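Two complexes are shown next, each including subunit A; its partner changes from subunit B in the first to subunit C in the second.
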Partner chain A sequence: MDIEALLLTLRLALSTTALLLLIALPLAWWIVSGRGFGRALVQAIVALPLVLPPTVLGFYLLVMMGPLTPIGRLLIRLVGHPLAFSFAGLLVGSVLYSLPFAVQPLVSGFSSIDPGYLEAANGLGASPGRIFRTIILPLSRRSVLTSIILTFTHTVGEFGVVLMLGGNIPGATRTMSISLYDQVQEFDYAAANRTALTLIAVALAALFVIYLLPGRMSRRAERGELA
Partner chain B sequence: MRMISKRPRALLAATLSFSALFGGLTSAPAQAPAKEIHVDAAADLQTVLPVLAQAYEHATGIKLKVSYGSSATLATQILNGEPTDLFLSADYTFPEKVVAAGLADTGDPIPYAKGTLVLWARKDSPLQPLHLEALTDPRVKTVAIANADHAPYGRAAMSALEKLKMLDQVKPKLVVAENIAQTAQFVESGNAQLGLISMTTASTEHFTQIGTFVLVPNVYPEIRQCAVVLAKSEHRAEAHAFLDWLRSPSIQSSLPKMGLTPVQ
Partner chain C sequence: MLQHRQGALALDVVFQITQPWTVLFGASGSGKTTVLKAIAGLLTPQRSRIVSHLADEPRILSDSARKVFLPPHLRPVRLGTQAATLFPHKTVRGNVAYGAAQAGPTLVEDALARFGLLERADDLPARLSGGQRQRVSLARAVVAAATLDGQGLLLLDEPFTGLGLAERDRMVLAVTDFLEPTKTPVLSVTHDIGEAFLLAAEVIRIADGRVIEQGPVATVLSAERERLLTQLNG
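And now, the complex of A and B:
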């Protein structure tokens, strides 16, 4: 088993999840806090990575972040090297690729909150930041958790974007899925099986948490522990 | 993974000049009903086969449906029952695996061309005029190479670097692509500064316009591109006929301008 690839994959998935949470929380709130052309368009764009083949997404990123485009040249000046073939490049790719998986659960969670609570809090003079922290987040805990775990597992299983953008560098861009692909290509099916089982175990554990934890939370809520 | 053919304009131009070249072949009337043969072809043929397929269809009425990939990907798919008629690998070992599995129609892989490895860089690169020593230039941070385990050109490139005693210096700079077509893409898009790519790609109109190449010294094991016809194929005769055509002197003599060397 390729331990280096496992550690890299976990690092990539954790970084992507943290970064996406920071992006998705305000974005999802903005999407549900109104209606209109702009919001519908943003929501459609956010959902696009669901439709685009990951290899195509990876190819566009490869070209866009390369030295042939103004954006690419700016990025190279900022970072000091082309983003492709680096961990930073994979992180950018993963954030885009997993964006819908982070945003969609939050959108559905936020939109199910009774606006009465928010109006009451507002009437009592709570600041928007406080309303978000003390009302919105606790009430959509399950959605936040779903968003985190879906982002994490989706990034763990990412292949096409990494294949196009990564360059298969051990410790920097060779993730588990690339390692698995290489093992299959080398006809090393035993190693491929071990890698695949590890991927399945990680995903199963994460998904198990989704279905386990919220149940516990609601029971705690029933007992009044969740103020 | 399957790659879809690109560079339609260069292709069209090449095709036009080729149909003129092979005009003589059309004298054989295409009376037989149009048939198709399925070909799994190594990624270095992505620039060559569309031209040849057009000429072949023009001459015989038989269409080639081609899937491109690294030779290893294609071999894996064939060994796992992919229903194809002909496998054009970029080496000897992958078709040999098909033979060993008892899936081939012949006892040995059949050579049809020899591949050439080149070092390629964009014309706007500071490394121009390009020479082999650019590989060890301290300004070079990334060198694209095909995966040595899946792609025969990658294996040749690693072997060449080792023989030229450059491997230790170049190894930290290597970015590894899944097949030789993707290797070219890495360096064409400017993300990698240098690429060890196939001469088939380097000699296309697009690549000669935007870059230059130098030959890698011939110290690597020969890239002997071999083919097998699949025993289970329903179009075995047609597949063999195409392979014979590909190995015929007139076609072999047209290979060099597309970056391949004749086998005889």
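And now, the complex of A and C:
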């Protein structure tokens, strides 16, 4: 099996998850507490990768990162090389592509919190930041966990964006799914089988954790073990 | 001064708090809770001017004419909400300590003892009875108010609902004793005449969003008291 591709995929998935969590937490909270036209527009844009072919997203990112656009030229000047066909470019693509998977569970988790708790914390003099840390996050930890696992798994399985944006550079942009594609092209079905099984195992294990953990957490909370 | 329109309620009140304990008295839907929330900064009234004179310098909490509106956590005001809003993931101790970020644990332990919660301090709210939850809610509010060192105002929304009469009397005493060292004034909301008399408070009576009368409880609520007594005797 292509160990290099496996390690690269894990590195990409971990970095994407960490970065997306930083973006998705405030964004999801803004969506939940906002209203009106702006909120609807942002929600639509966030959900777009769910319905778009990944190649569309990959194509525009490829163009945007290239020397033809001002953003691309700025990036090239900043980083020293074009972002496309590099790990950094892949990371940007993955973050955008997995955005809805990170944001949607958080939005549903945040919006199920009784506003009375927030009002109580507010009335006790807690700052918005403290309320987010001490009330909102602990009360929606299942959603945070779901968001993390879905983002991770989705990034592990991503293909179209990587193909458009990263090409197939061993150690830099050749992820598991690209490696699988290569192996099939070369008629190496035994290797392809091992790669595919690994991807299935990662996805299944992650989904299993989602369905297993929350139930356990809530039962522990009921017994009063989580303070 | 406070003007606010919310649904069918047009709130238009002007009053000043001068006594250690003031009660906002009125039927449900008369706008009492809205007044508390506006003072705490949890809602933005259409027009308002709210000034605190508890510190050496007067402090403007909100002034719509000058577009001043302090966010809740910067106001020298603490609001005790009803017992249903205890944080479900925090223990009794965690709840009581929540508003006392800077204060030492002694204040919290003192409150737990006075409100009869020491034995339940490590339990989650879900395991408490209704009366116990109400006591946690009270303790949480007084601890938060006490950390303002006498420069703050404590607002309490129907603080003694769901308590038995004897328990209520004990809790009134616990609250006044606890706030005595810092001389923190209280503005509470009730529609219970007995409670207003028990607190021997200054009463601001509101109906349909307007202040009808303000004064000592014996004056403002004497007619209600007579009516109640007649009913009891008859």
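We take it that the second predicted complex is superposed on the first by the 227 of 227 C-alpha atoms of A that agree within 3 Å, B and C clash if a C-alpha of one lies under 4 Å from a C-alpha of the other, contacts with A are read in each partner's own complex, and residues count from 1 in each chain.
Basically, a residue touches a chain if its C-beta (ideal position, glycine included) is under 8 Å from a C-beta of that chain, and two chains touch if they have at least 3 such contacts.
Remember, predicted model here, so these are calculated numbers, not experimental data.
Q: Sharing subunit A, do subunit B and subunit C clash or fit in the superposition?
A: Fit.
Q: Output check: A:Leu62 vs subunit B and subunit C. Expected answer is one of first, second, both, neither. What do you get?
A: first
Q: Where does A:Arg130 make contact in the superposed view: on subunit B (first), on subunit C (second), on both, or on neither?
A: So A:Arg130 only meets subunit C here.
Q: Applying the document's definition of touch, where does A:Pro138 land relative to subunit B and subunit C: first, second, both, or neither?
A: second
Q: Examine A:Glu119 and indicate which partner it touches, taking first as subunit B and second as subunit C; both and neither are also allowed.
A: A:Glu119 sits against subunit C, while subunit B stays out of touch.
Q: Minimum CA distance, subunit B versus subunit C, superposed model, integer angstrom?
A: For subunit B and subunit C in the superposition, the minimum C-alpha gap reads 50 Å.
Q: Where on subunit A do subunit B and subunit C both make contact?
A: Subunit A residues touching both partners: none found.
Q: Okay, in this complex, where on subunit C does subunit A touch?
A: Spelled out, the residues of subunit C in touch with subunit A are 37, 40-42, 71-73, 75, 78-81, 84-91, 94, 98-99, 101, 122-124, 126-127, 140-141, 144, 147, 155.
Q: Could you pull out which subunit B residues touch subunit A in their complex?
A: Within the complex, subunit B contacts subunit A at residues 1, 70, 72-73, 76, 97, 141-142, 144, 147, 149-150, 174-178, 182, 185-186, 189-192.
Q: Within their complex, state which residues of subunit A touch subunit C.
A: The contact residues of subunit A facing subunit C are 114, 116-117, 119-128, 130, 134-135, 138-139, 221-222, 224, 226-227.
Q: Inside the complex, what are the residues of subunit A that reach subunit B?
A: Contacts found on subunit A: 55, 59, 62-63, 65-68, 72, 81-82, 84-85, 163-164, 167-169, 181-182, 184-187.
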